[in-house]
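Next come the structures, one after another.
In what follows, subunit A forms one complex with subunit B and a second complex with subunit C.
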Partner chain A sequence: MATTNGSINGHSDGHSGKTIALHLQVWRQKNSTTKGHFENYDLSGVSTEMSFLDMLDMLNEQLTHEGKEPVAFDHDCREGICGTCSLMINGYAHGPDEHTTTCQTHIRSFSDGETIVIEPWRARAFPPIKDLVVDRTSFDLLIQAGGYVSVSTGGVPDGNAIAVAKESSDKAMDAAACIGCGACVAACPNASAMLFASAKISHLALLPQGQVERKNRVANMVRAMDELGFGNCTNHGECEAVCPKEIKMDNIARMNREYYFAAL
Partner chain B sequence: MSAFDKFFKYSIGKKQVMGVLGLLLCGFALVHMTGNFLVFRGEDQFNAYGEFLHHLPAFRFIELSLAALFIVHIVMGLVLAVQNSRARPEGYAVKKAAGGATLGSSTMAYTGTYFILFLVLHLLNIRFGILPQVADSMEDYGIVANVLANPIWATFYVVSALVLGLHLSHGLQSSFQSLGFYDREYTPLLKKISILYGIVIAVGYSAIALFMLVKHGQGG
Partner chain C sequence: MLDSKVPSGPLAEKWDKHKFESKLVNPANRRKFSVIVVGTGLAGAAASATLAEMGYNVKTFCFQDSPRRAHSIAAQGGINAAKNYRNDGDSIYRLFYDTIKGGDYRAREGNVHRLAQVSVNIIDQCVAQGVPFAREYGGMLDNRSFGGAQVSRTFYARGQTGQQLLLGAYSALERQIHLGTVEMHSRTEMLELVVINGTARGIITRDLVTGAVERHVADAVLLCTGGYGNVFFLSTNAQGSNVTATWRAHRKGAFFANPCYTQIHPTCIPVHGEDQSKLTLMSESLRNDGRVWVPKSKGETRRPEEIPESDRDYFLERKYPSFGNLVPRDVASRNAKAVCDEGRGVSGGMAVYMDFADAIKRVGEHTIRDRYGNLFDMYAKITAENPYETPMKIYPAVHYTMGGLWVDYNLMSNVPGLFVLGEANFSDHGANRLGASALMQGLADGYFVIPYTLGNYFGSTKSEPVTTDHDAFKEAEAAVNERTNKLLSIKGNRTVLSFHKELGKVMWDDCGMARNKEGLNNALKRIPEIREEFWQNVAVTGSGDDFNQTLERAGRVADFLEFGEMFAHDALLREESCGGHFREEHQTEENEAKRDDDNFAHVAAYEFNGYGKTPTRHVEQLVFENVKLTQRSYK
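Up next, the complex of A and B:
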């Protein structure tokens, strides 16, 4: 059992501030073909100033010292901008903090002695690779199905040469903030990718450069969503509740409109 | 494949059909309930209302259209529900609502499925009158009274009213979203109206069942 040393001011690892003990239940899965299971780990002396991924690094160091296999998890920028980190933490995609990626979640959001259950994203379209890492290629395929502009838009235009209404450019910018992490799919009770797809569809539908391929884009992306095995939106709104970039469901409504206008 | 086929083949097309049919059925639920409130006015008024409906020139047509609405809504709902459950073959050990899902939204498939059972029994009871407690000669009011005088049936109707209210509390606003209506100002209001509407439906239909039980039940 881990010891609690919450009152000791940081001597370990040069971290200042409080340290706490955590009990972790981590999903371990050898590869995509074997069945996974939870492993229990106790970690003590975890600085509350650490990020969640620092804490997992600490766990992996401990496991390596014990001669055990470290836990595989996805990460890259650790600055909340790349969308590589994932993780279902205590039942919340990207952890308990609102609109925050896992890499920007800090141990101060947890309490001393707390049990933290860590699971990978779970969806048919995101098959497991190893431990907490899943294959999010289906998002790339979804973008390949239509999330781009392939017509020539010429060189860099003069400022204000192409008029875009302020409201449209704001909305397009909000939609373009999507980092493609997949939290929307992970949190959706139906594992639907509609927030992700609709962010891309909205972003391009709102700008002049996106007009030429507008109808094909929505038709192709909707077809791809179905074919890749994502579920259908039933308008719960869990996606927008967990989205680290605060992409809103008005994008899904816009995609719904785009869909029937494309069919007409 | 024609544009029409394509529209329905993919998820969003089905969702939108669900939305349109859902809205029509929401309207029906309200009209049916307010019409049935005539039981509070007494036997004669209720029977007169029944007579009026049966003699509408397009009664058969309305009845069949309604049946078609229900059937398509149910079948499409089941197809979508199966697809959705397949989209996540392995569930989470721990999963919490992050603030979006409501009791109504997360039970749509269950409340909807329950409603199939309700519809079958309700039609057998009232429309076809084949359950044993209904005599042939009875008029509309008599049929309703006969069914709801039985505490078990009255309970069944109250439970069904609650289930329907729950289903519609999400369904009404969800239809608008599926049909592409979203407004930062009006959507939050619509969500509240939707819940209120669900409550009205649940309370309204329950009141009819309880009123008839009290009036015609053995203790009444």
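Up next, the complex of A and C:
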């Protein structure tokens, strides 16, 4: 055996940092037609260096050994960019840390013996699938309503033929950074998708490329929000507070302005 | 002998000539052809949208809950294009040359030149879609230099370039879904390829929510399913990234090329413990300002800030004065490993420092925050350390796989009708990929290559009418059901995760950054043993007609357990070092990779001979008409 690659999978002590015990209350729901409930689980020896999802992996290993079915939860990149992970942790979308996705949340943010309540996103437009997994297809449908520039491949001008002021470009990028996780909807008492929709509308309204379809885009996306069962905005600001990518409510103001202009 | 079908003629004219000579499908006839696209990363989303725009009937599949989540989204640094906007000597030929050299002369000249040619169109396309690339104050596009290039040709959108490019392709795809030209199936996994009369004609899928196994027929199948880095368990890939689609196609006859070519990225956050599920990359753009060092002596106990200059070894700057910290990824990774093997690693021995103190002194913390703010924040979130004050700790991790299904110049595998795009194919990066070239290849294949080569295939091939009632569909569906039932019926004592970890450890120890005969033979002994135990003793809970993540994972790990053996086999037979493939027996006196061009300037493509059987090794000789093969030197 080559000994020269360094042990990545095998740390001698198994953990670095200290370990704590946690009491978990996890939402279990067999499927969309069955009523859900909380189950209690105790987990000990949880390293504070672990990510929140590493901890759920550990719980699932324990459940599998006990012959029980593991907890279903959505996750993929585990580096805060794909937007798949989606947990309500102690009542906060993505948990206690500011501007941080569930997957980037670490156990060091919790204390020994703490009870952690873990629930799925709850919104009419995000129907449940199983346990902590919900269906966010409504976000794709919202983009389909107009969240794009209608250009086909080929026949476009040189990249530098379209000058964009750095300030507009930076602001467009701030809005475009949205990862589509749905925390804004989950945190909103009205389950509104205003922050998500307005981020896309702002991104394209701020750029010259988005001008041609500007009015139709906002009109169509706002109509789609209603049709998909999202609520309206009543300025609670929960969405901005939980957004892992720091998308600002300014975007909602811009969307409203765009909407009025589109109606004129 | 494999025929690459690279067109004859001068390098710069090959692609134009080939496009002209390709058969066309007239716009009114395109709706008569159907295409299956598996995967919605840059390659899959770009191909789906573009083919639908042209008028083909497209069915697209992804295992994620939305096509926007494919792992292309995680690419940070940027995308190369030979625009020469900086007036600093870049050209299509230079991008071609850098890519061939960076790949250690193990890629096809024709493919790589085409990639460099269409790179300029990609930027135009993405700008038109509204991708918010970084801009200068005058409104023009900004560039940065990246990963071993001596020109500034990398376009970027902060540290989220992959995200913005993917959202561009995703928005084009969503537009087509809205128009009804693409039928999208998310949360759906491809589990078999259906081959009829030697031609790829469909796939079998499992709906991951309901468990329904379904048949889909088409005139061509495009696999855009990414790389196989998760065979190592710990990698920078997403949890769901897997080899299943390409491995299932391999089992149906598609050759797998150069599986041993793996990229170990030098700047990742080090491992912290046994229960870790994933490694996180820090963009190598950081190496533009970060200086990499370790203490000069073993057993150093002082904090990094307390170690004086005289006791530090800036080993990359010392060994490679002209490229310094910007040497290619494989060179940077091996050198980090070498100093750690000497016992000079920090933080438990498996890490080196990347220090920004000098850069902060030179340009100010504000500028560094502007350049890398989101990366520094990410590092702080994961490690709870402030990289503005103390050096980052980094160590190499598995990041990208250059190997993949063998394809010809048309991106078609040896199975007619089966096309492979992006990281899933083997074609453009040779034995090592340069930074900011993965995004370029994914989009090149999807937007600008497949629309021509697929048309040529349809225009020159008579597709027989086939329905999903064909026996081949029944058999493939039965195979999927049988495998699912088998996995659920074992009811053993070990978790799927434990098998994946065990395989990953063997792969990392014996097929990782440095490989030797003894280690590879050990891997070839161990992997079948782990696989045997898996099929005797794995515990898969739940049922098949339900949302069952354990079952999904079990199927993927089962495929990794077959694939890993072929990987080790290829690494053993390639008796040379090249790019990311480093055989300890083959190194220069200065410990650099030593190629053997006389015997190994070829692609090795493997043919499946049955479960557990040694695959047949086919060879495609690489032809170099334009570049001279030299020892790479970054000194």
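The rule is short, and it goes like this: the second predicted complex is superposed on the first by the 241 of 264 C-alpha atoms of A that agree within 3 Å, B and C clash if a C-alpha of one lies under 4 Å from a C-alpha of the other, contacts with A are read in each partner's own complex, and residues count from 1 in each chain.
Just so it is clear, contacts are C-beta pairs under 8 Å (C-beta built on N, C-alpha and C of every residue); 3 or more make two chains touch, one makes a residue touch a chain.
Since the structure is predicted, the reported quantities are computational estimates derived from the model, not experimental observations.
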Worksheet, complete the sentence: Counting residues of subunit A touched by each of subunit B and subunit C, the higher count belongs to C
Discussion item. Tell me the contact category for A:Glu49 with respect to subunit B and subunit C: first, second, both or neither.
Written reply: second
Worksheet item: Does the superposition put A:Val212 against subunit B (first), subunit C (second), both, or neither?
Response: neither
Discussion item. So in the superposed three-chain picture, is A:Ala253 touching just subunit B, just subunit C, both, or none of them (first/second/both/neither)?
Written reply: first
Fill in: subunit A residues contacted in one complex by subunit B, in the other by subunit C
none
Worksheet, complete the sentence: Listed in rising order, subunit A residues that touch subunit C in their complex are 1-11, 14-17, 31, 47, 49-51, 53-54, 57-58, 61, 64-65, 67-70, 72, 74-84, 97, 100, 104, 106, 108, 129-130, 133, 135-137, 139-140, 143-145, 147-154, 156-160, 162-166, 169-170, 172-173, 176-177, 179-180, 203-204, 207, 209-210
Fill in: Interface residues, subunit B side, partner subunit A - complex
3, 6-7, 10-16, 80, 83-84, 86-102, 105-106, 108, 170, 173-174, 177-184, 187
Discussion item. Using the touch definition from the top, list the residues of subunit A that touch subunit B in their complex.
Written reply: 25, 27, 38, 88, 90-93, 117, 119, 122-125, 187, 189-192, 219, 222-223, 225-226, 229-242, 249-250, 252-257, 259-260, 263-264
Worksheet item: Okay, in this complex, where on subunit C does subunit A touch?
Response: 46, 49-50, 53, 64-69, 71, 73-74, 83, 85, 121, 123-130, 132-141, 155, 157-158, 160, 163-164, 167, 170-172, 174-175, 177-178, 184, 186, 209, 233-234, 236, 238-240, 271-281, 337, 340-341, 345, 348-350, 378, 381-382, 384, 395, 397, 447-448, 451, 495, 497-498, 501, 504-505, 508-510, 512-516, 518-519, 522, 539, 541-542, 546-547, 549-550, 584
